[in-house]
Amino acid sequence: MATALEKPPVIAERTPAAGPRSGFRRYWHLYAAISPFYLLFLAFGLVPVGFSLYLSFHRWDGLGSMEWAGLSQYQYLLSDSDFWSSIGNTLLIWALATFPMIFLAMVTAVMLNSAVRFKNGYRFAYFLPNVTSVVAIAIVFGSVFSTNFGLVNALLQAVGLDQVAWLNTPWGIKVAIATLMTWQWTGYNAIIFLAGLQTIPGELYEAARVDGANPVQTFFRITLPMLRPTLLFVLVVSTVTGLQSFTEAQVLLQNTSNDSTFSGGPDHAGRTMVLYFFQQTFDNNDFGYGAAVAWGIFLVVVIFSIINWRLVQRRGED
Amino acid sequence: MASLQHTRRPRGIKGTRGRGIALHAVLIAGLLLSAFPFYWAVIMSTHTSSEIFSYPPKLLPGSHFLQNLRSLFDNIDFFGSMLNSLLVASAVTFLVLFFDSLAAFVFAKFDFPGRRALFVLLMAIFMVPTQMAIIPQFVMMAKIGWIGSMTALIVPAAANAFGIFWMRQYMRSAIHDELLDASRIDGANFLRQYWHVALPVVRPGLAFLGIFTFMGQWNDYAWPLVALTNPDNVTLQVALSQLNGVHGTTDYGMVMTGALLALVPLLVVFAIGAKQIIGDLGKGAIR
Amino acid sequence: MRSPEKIRKAVGAVRLSRRGLLRAGLAGTAATALGGLATGCAVPTGSTGRNMVLWYWDGGLGDTVLKKAKARYDSTVDLKAIKIGGYYRSKLITTLTGRAHVPDIAGLKGEDMASYLPDADQFVDLRTLGAQKYESQYLPWKWQQGIADDGTMVGFPIDCGPVAHFYQYEVFRKAGLPYEPADVSAQLNTWEKFFAAGEQLRRRIRGTSLLTDVNSVFENIVQQGSRRYVDKDRHFIGDQEHVRHAWRLAVEAKRRGIVSDLVTGTPDQISAVDTGKLPSQLGASWATYDIKNGNPKTKGKWRIADMPVRPSNNGGSFLSITKACREPERAFEIIAWMLNAANQASGYVDAGLFPSTPASYGLKQLREPDPFFGGQVTTDVFGPAAQKIVVAYNSPYDVALGQPIKDEIKNVGVLGKDPDKAWSDAMSKCRRIAKHLGVSY
């Protein structure tokens, strides 16, 4: 959170009273406390990332020896239309899922906040989708979105509309995956928004009510601005996790091709960036290229997160 | 913040009650939507594969649950893999709670050289996509011989940037400086402050992180899929994916039964801790 | 706000229990980690103790043979046959790379075989274990497929995959098409006649399609020939006439409406097969196992005839011994026994694995009528087909360079993409991949 970094801890000045006076020895226990994390990260985060960078300049099939390849993997990446379309797929699915999800989560949180009875029951039920395994739920959704036997099409036909070949058309696939993601994350984010809502002082609402504001005005003038830090948190987390989505697309579409479990369906419409990474690495044994793809994904995630951050931040400043 | 000039009469009782019912109606609709896939999972696991894919869709549970159960146990080592998942999830949760709360405490309440830089590093770490590490981690672990064992799942997962991030935010507001100062005046050293002052107050935050971590590990699929190359020794999610036949011979009834059973421990953990997270979370954040 | 006093009192009360928990937790974690490290240092790359681990996939080997092998060699080894789900090749290669828990005996799928050959050093050269004395018992083209360019023998033949035309008797009869196997073989012996039959089927019975997808037309025509996508000299030949011919015919199949827009293996497709909306399949012998498992309700409704023009070969696998195996001689003994003529015959009964040992063809099991196919003796079709298969050169790069073409023809079939655009897209993708892999274009 941006604000957190600007404010130094209140007790900074008082720390010297805590331990021994001289230099590093004053702080060694603090470094020791945070070191397990950083050490683990070094071993299982930094070193692999470094190795991955190294690997992306080589050609390697996992079994033989590594050959130097210079920048050719990256050149290949830039000219790879499949990679670019996987980015497009990921962004589209992300958008289709995240915006409805945030809207629904906020609305749900506001409603939960005002509901007096059964509060805990509702919260439990809404959080439940997040508790399940994505593998299991993807199987369920696969059945629900089936063209001839799915509930969704049965409902559509019941109201007189045509069947949609959900898992067989590019847009249908994206909608199905997005629905799965929305279903899974709305409740979770609603709880987070709820926690955020509960930090808003009741006096503000009192004042608004006294002034005669209706619920909509209250929402847009008081609730929303106060929720901005929470919104930022939710957006950042949704972006980082949503752009890396893998399991939903993989499980929903794993039976759609006889050549690969990472194919992403017809025209690879459901092939997200990470799914593409898996395909290049494990289907094609192209570990060097896979590493380059992973770096490509990282760049996309960083750029997109920064864009997100700036957008929401700027709106807070006016 | 806008202020409004004109006043209005307070709303009548009727308006409030009507709104109350409408509110609950919408909330219940949402609840049904949330819960529906679980119901569908129950339906799928009580029918045979061909019954599931028939038209019109079956809306009531069938009678094939025991049959599916038997096929499930015949095809994979269900309880063995569940035990593995339990082992991994518990170990990781414990490690994460301990390391992350310790580190978060430091970031939340202390100032020291390099604090800002280290924290920014933390944020950057959070953004690194996990897949980037998959190949190198795999190759490294192949060299030290961890591939195929649960250690490969436990150790890397103990470094959880999100956990530090979360606990730090929580601790900043939940732990009152006055309390900390008082304990310092009483002569508490760093560990005592952590143990006696910080931890008790952030229990709800810890509970949330613990459950979240446990769930994440329980449901983890991509890395275990790659790293657990010994088919006899896998976690539950991987075992379930082993049930997928080739060329469409998947027995969906059996697969869904497995998936449903895989949910049970999670639901138990969640039920135990739900009150903790949902109930106390909001409160803890303010006071 | 609570006072520090009260907090300390409350905290003190639970101090003991938390400390105890902490100790237990630390101890447990340490034990796990150390345990992991300990086994980590000593973990064997293959199986342990008396175990002989064999990896295969559903339908890759017959159950009877595996059971008998286990019993037969029980005095010396504990044969553990593990059925691997998901994408087999990916799993095997990942495990080989992971250098841990590598199986002693590994099944290798025929369509992947060529891609394993460059990594022949991961497998034991079966010639060093005396494989050559068995060579005469196996179909020559099949035997050759398991051998790398430098002569190393990587794979020992299991089955071969002669492709035939599976069709539903009643549906064909109702549509006024020939329905007895001999008639179907004789009258649908060219692609033109096959397509015409498909059109007639669609006209006579609403909602039917002869085949599921264009890929089965495309791939079978390619596999009828002796060339694939890359030749012996690492030169891309996927833009040449043999592929164009297959492409044209596949596009025509789509244009004439004889294929559906369903995807094989999806519940929608399975149900269409069950209800007779997809009455035909061009499948290899092992596909009979898939149909029996996936569409059990259609028992008795099928017959088998020759596919148009001449049989192609699809699949057919091998068993190999990995370098991680501690007892290669014993492993070879087991393999050679499991894959002898008599046992291959039982594999045919169990899983439709058509023997690559001609001696099996005269055996009783292969002369049995198959009730799933209305009592037809399926060997009558598969046997001659297996003999007629044309030998082809399979390059390790075939998989990567054939994929874009297969993907694009699938787009034409399922999404209705313009065939010319699809072809040029496929070719430009192939050009890129060829450059990336070092295949000359």
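The first chain written gets the first letter, and so on, giving A, B and C; residue counts start at 1 in each chain.
As a working rule, contacts are C-beta pairs under 8 Å (C-beta built on N, C-alpha and C of every residue); 3 or more make two chains touch, one makes a residue touch a chain.
The shown structure was predicted, so the numbers you read here are calculated from the model rather than taken from an experiment.
When chain centres are defined as mean Cα coordinates, C lies farthest from chain A.
Two chain pairs are in question, B-C and A-C; the one with more C-beta pairs in contact is B-C.
In terms of their C-alpha centroids, the spacing between chain A and chain B amounts to 14 Å.
Between the CA-based centres of chain A and chain C the separation comes to 36 Å, rounded to the whole angstrom.
The residues of chain A that reach two or more other chains are 143, 146, 148-149, 255, 258, 282, listed in rising order. Across the assembly, chain B contributes 52-54, 139, 155, 226, 241, 244, 247-248, 252 as residues in contact with two or more other chains. The residues of chain C that reach two or more other chains are 86, 94, 97, 264-268, 271, listed in rising order. Interface residues of chain C facing chain B in the complex, by the touch rule stated above, are 1, 4, 7-8, 10-11, 14-15, 18, 22, 25, 28-29, 32-33, 35-37, 39-43, 55, 57-59, 82, 84-86, 88, 91, 94-95, 97-101, 264-271, 274, 287, 290, 293-294, 296-297. The part of chain B that touches chain A in the complex is made up of residues 1-8, 23-24, 26-27, 30-31, 33-35, 37-38, 40-41, 44, 52-57, 99-100, 102-103, 105-113, 116, 118-120, 125-137, 139-140, 155-156, 158-161, 164, 168-169, 172, 177, 180-181, 184, 189-191, 194, 215, 218-219, 221-222, 226, 237, 240-241, 244, 247-248, 250, 252, 255-256, 259-260, 262-263, 266-267, 270-271, 274-275, 277-279, 281-283, 285-286. Across the complex, chain C meets chain A through its residues 86-87, 90, 93-94, 96-97, 115, 118-119, 122, 261-268, 271, 400, 403, 406-407, 410-411, 414-415, 429, 432, 436. Within the complex formed with chain B, the chain A residues making contact are 1, 4-5, 8-12, 14-15, 17-19, 27, 29-31, 33-34, 36-38, 40-41, 44-45, 47-52, 55, 104, 108, 111-112, 114-115, 117-118, 120, 122-137, 139-141, 143-144, 146, 148-151, 154, 183, 186-187, 191, 194-195, 198-199, 204, 208, 210-213, 217, 221-222, 225, 240, 244, 246-247, 251, 254-255, 258, 274, 277-278, 281-282, 287, 290-291, 294-295, 297-298, 301-302, 305. Those residues of chain A whose C-beta lies close enough to touch chain C in the complex are 61-64, 72, 76, 79-82, 143, 146-149, 165, 167-170, 255-262, 266-268, 282-285, 289.
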